[in-house]
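Each of the next two complexes has subunit A plus one more chain, namely subunit B in the first and subunit C in the second.
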Partner chain A sequence: MTILTVALKYLRGRPVASALTIVSIALGVSLMVASVLLARGIKEGFIAGTTDYNLVVGAKGSPMQLVLGVVFRMDLATPNIEYTIYRDLQQDPRVETAVPIGMGDAYRGFRYVATNGAYFAAFPWRRKTFALAAGRFFAEDQQSEPTYEALLGAEAARSTGLQIGDRFYEGEEMAEYPLTVVGILRSTHSADDRAIFFSLPSYWGMNEIARGMAIKPLTAVLIRPRRMSDLPSLHRELNVAAETQAVLPSGVLLTIFNMMAVAEDVLRMILAIVGVIVLLYVFVSMYSATIERRREIATMRALGARRATVLGIILTESAALATAGGLGGIVGGHAVAYFAGSLLGPSGLVTSHSLFNVFDPAVLASVILLGTLAGLLPAVLAYRTEVAENLAPLS
Partner chain B sequence: MSTRSAVVLRQVKKEFSLGDGVNLEVLDVEHLALPVGSCTALRGRSGSGKTTLLNLIAGVAAPSGGTILVGDTDVFALSEARRDRFRAEHVGYVFQTFNLLSAFNALENVMLAMMFAETVPTRLQRRHAADLLARLGLAERLAHKPQQLSRGEQQRVAIARALANSPPLVLADEPCASLDASTASEVLATFLAFCRQEEKTLLLVSHDEAALGKADQVFDMAELNRAETRKAPA
Partner chain C sequence: MAGSEEIPRLTFAQLVDSIRADSGVTETIKSYSGKEVAIQGFIVPAGPPDLSFFLLSRVSALGNYCCEAPVGQDETVYVFAAKEVNITYDPLRIFKIVGVFEAGMRADATYGPSLFRVRNARVEEALGAKVFKTGDFPASASKP
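What follows is the complex of A and B.
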């Protein structure tokens, strides 16, 4: 028999208390792990969504509304700009890639996004890749002959149940311009999963006002400059222009992260309180176990156990509880983050689905250390148990 | 009975502080010697210092004065850690209320005592504990927890635990006081026979006349403990 086997025996001897302590540690740890992973995942999601393009050009207004609306579909679309702005930018020698975006209504909550093939192109600098799960991309049709072909994001297809060849529209007034599903995208774990894509000519054809406009409208243009040194001049010129603003997504990202930092501080405080409560729970659990067991501790001492041995038994029990709770918490935290990430992913908040990482051993070591410390006072109590006093027969 | 002494007490006193500089004297033994391999019985009224005397000899309570030798070792000249190890290897203790550990089964309770000494190699501890329990008639009860055993069986487990490290000295504090008469008689007979067979020195606290009758020497605390004598009404 060793200190470890004695400690484990004692833990098994009070299964309900041990299980409750492990569960409480696991809940606390999983809450912390899940919060950290989700916060990191949300940041990574924002970064992933905004780093493919260096500029977002749209109508004058709120820069954040423009980025959130166009990139994450999390806000109302900004007013329109003229299609000629896209044409001019396409011709601009400083621009490597310009992608037009037209934000439309929605079908059963899934936003219409009009664009062209460039949006899905596999440029070497792109983080995101698009692949078809079924069908094909919509046709690059002519303004005079819109095809009304739709490409569905993975979540949009799953939720609506639309299949290749299905025709759909929302609202009786759109019955004349039904869209036909020609393709379904694989999941990208981004806001694109919840979008319904089609061509700009189809977009203009579906809209009564746009049909009558000589210069067709757009919501935004995504820009990738040839050289990063061209970015400031493009940014300045487009902002100086009367009808446009150019937004650096990285700047909006900083604003978002600054806003998140306040929430993170609150979250950190809540997590610290949760941590203290969990530690108190371990302490109370071990303290009451030690009090209940004083007679048995005295018996062990009378049998020849050294003070250090009983100290070691209590500390080992605490460490074992913390280890089990910590492991459960890390696994649980990753599971919660994974499922929460799966739920939030299509809404535009891409979360990291990475499995266990290098920080997990550090988290586990911290939990074991703190859990063991929580058992220190009960262990000292056991250490100081007066043998003769506690051996007296129970009356 | 040997002429050598397994235990010798000289001028041993035990006082408890009542605060404000007032001490309560509970034990004052001028001299006590237990020959090697003997069975010595102690009797006396409740509170006469019997358990205190056993605790002093076991080294779990420190005397206020005097010398306690177990074998040739002055128990209280040892550091506490060494005294713990000495107790594990040289003294077996049987308690009135058995004091078995509830989370452990019979076999584990006996093995636990071996954890604190180095008398039985680790790989042999399980077999040694099982053999001891079998000799005490508990071969079928090895995996039973204390609460699944009768009181007589519990006390036999406690006896096996006390003998687990083959200590030369065994202290038994009213080992049969919690048992009914027939069980007490059976357990005591087994215990005494075992100690005789193993040539243990046994110091037994008991009020049972049958037990006292089987002892080589009997001390009455009223005579042995001078603190008791001083308390007695003139």
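What follows is the complex of A and C.
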């Protein structure tokens, strides 16, 4: 019989204790794997979902609110700026593309985003592409003749069940200005999937106050400079101006990542404690098993088993438990991350990591090593078992 | 591998002084092209938030109420990071980048035209750093 065979036989001999140890290791490893994958998925989701535009111009206030509202639709819209700011930026020689954005209301939680065709245009520098799943883009209508045509993001269409030709509104004051669905976008895996787009004239036409304003309101303007090197001066000018603030969306996201890093540090500490608890559990389990088996071990020694063989059996048992728990934990962790990613995926803010990666063998190796180490003290105890002392009559 | 101390440091002052009237650059600064250099400045996150691309600026572009704004290509360097940048971003902190320097006008399909670029860049905090202004030169500035 080999050491492995004996070790596995011992484990099978106490199935409940072995299964519980494997489950506890698997739960601990699952928790760690799932936490790491989800934290990474959230960060990558933010990176993937960010805008291709380099500057967001809006009213004075919180830069984070501006970016979270305009780019990620996760916050309330900032106060309005005047449409003339967009016009001025359009004519600025440093600006290649300026896209106006109007925000405010929502239909069943899906934010209304008023803009123009430039928002969906393909540029050589753009990563994100917009394609229609059905219908067409909304009409570029005149200010005097709003068409109230709506283009739905993929998730907005799926969740609301709205189809091409459907008319909808939310709130009785909007009943006079229902929107008509003319198109549905393919998924972009970003917050745009959860938006309802329509033209600026429709946006102004729906609101009684905006209808009466000589200079129409906007929420923000997205900017792409001709030269990146003009970005700092544009940023500074728009911030020093009394009416506007300019925000680098990547700067805001990096600030959010810095804040997330603090939470990740806390999570890391909690996971480390979980790891220690699991290792202690393995240690206690192996220690109890060794104490219970002292007579058996003494018998083995009396029958000629070497001390090193006894040591090897206990360490192999620990390694086998850790291997089974580690494998179960990695599979479980990926499964949890996959399902959580699927649940959160429609928000456009979590990238799902369902596939196994190159780090998994390293995780498994670490679990086996630590699990084996947890069995070291019981193994040494078994190694030092005295034959005469433990084969003495029980009573 | 050579230590960071052996890598020549370029300053924004040197970059500004190297620009000729026709928007070309001097042979001295061109001689650094293709070589690894170190430059210190403030990060302007002009590209994606993974900082695979960003601008390095002589002045902090995001501190709105003091100092001057960087005025254009001569005071910004386009930085293309070698791998994932793992720093705690702070718009008011000076960072040191080390990478392969390129001088001369060139247009990038994604990020447009630039005069100075650093590719395969590594980024680290520049402890005790000083960003030299036009006319100043570090006493220990290395020559090519």
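Here is the rule we use: the second predicted complex is superposed on the first by the 378 of 395 C-alpha atoms of A that agree within 3 Å, B and C clash if a C-alpha of one lies under 4 Å from a C-alpha of the other, contacts with A are read in each partner's own complex, and residues count from 1 in each chain.
Here is the rule we go by: contacts are C-beta pairs under 8 Å (C-beta built on N, C-alpha and C of every residue); 3 or more make two chains touch, one makes a residue touch a chain.
Just so you know, these numbers come straight off a predicted model, no measurement behind them.
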- Task: State whether A:257 touches subunit B only (first), subunit C only (second), both chains, or neither.
- Result: second
- Message: Output check: A:240 vs subunit B and subunit C. Expected answer is one of first, second, both, neither. What do you get?
- Response: second
- Message: So in the superposed three-chain picture, is A:231 touching just subunit B, just subunit C, both, or none of them (first/second/both/neither)?
- Response: second
- Message: So subunit A touches subunit B in one structure and subunit C in the other; where do those two contact lists coincide?
- Response: none
- Message: With touch defined as at the start, can you tell me which subunit B residues reach subunit A in the complex?
- Response: 51-52, 55, 58, 60-61, 80-81, 84-85, 87-89, 91, 93, 95-97, 99, 101-104, 108, 111-117, 125, 161, 165
- Item | subunit B partner contacts - residues on subunit A that touch it in the complex | 1-2, 6, 9-10, 12-14, 295-296, 299-309, 387-388, 391-394
- Message: Which residues of subunit C touch subunit A once you look at their complex with the stated criterion?
- Response: 44-51, 54-55, 57, 59, 61-62, 64, 69-73, 75-76, 78, 88-89, 91, 109-115
- Query: Where on subunit A is subunit C touching in the complex?
  - Reply: 46-47, 50, 54, 124-125, 225-233, 235-237, 239-240, 248-251, 253-255, 257-258, 261
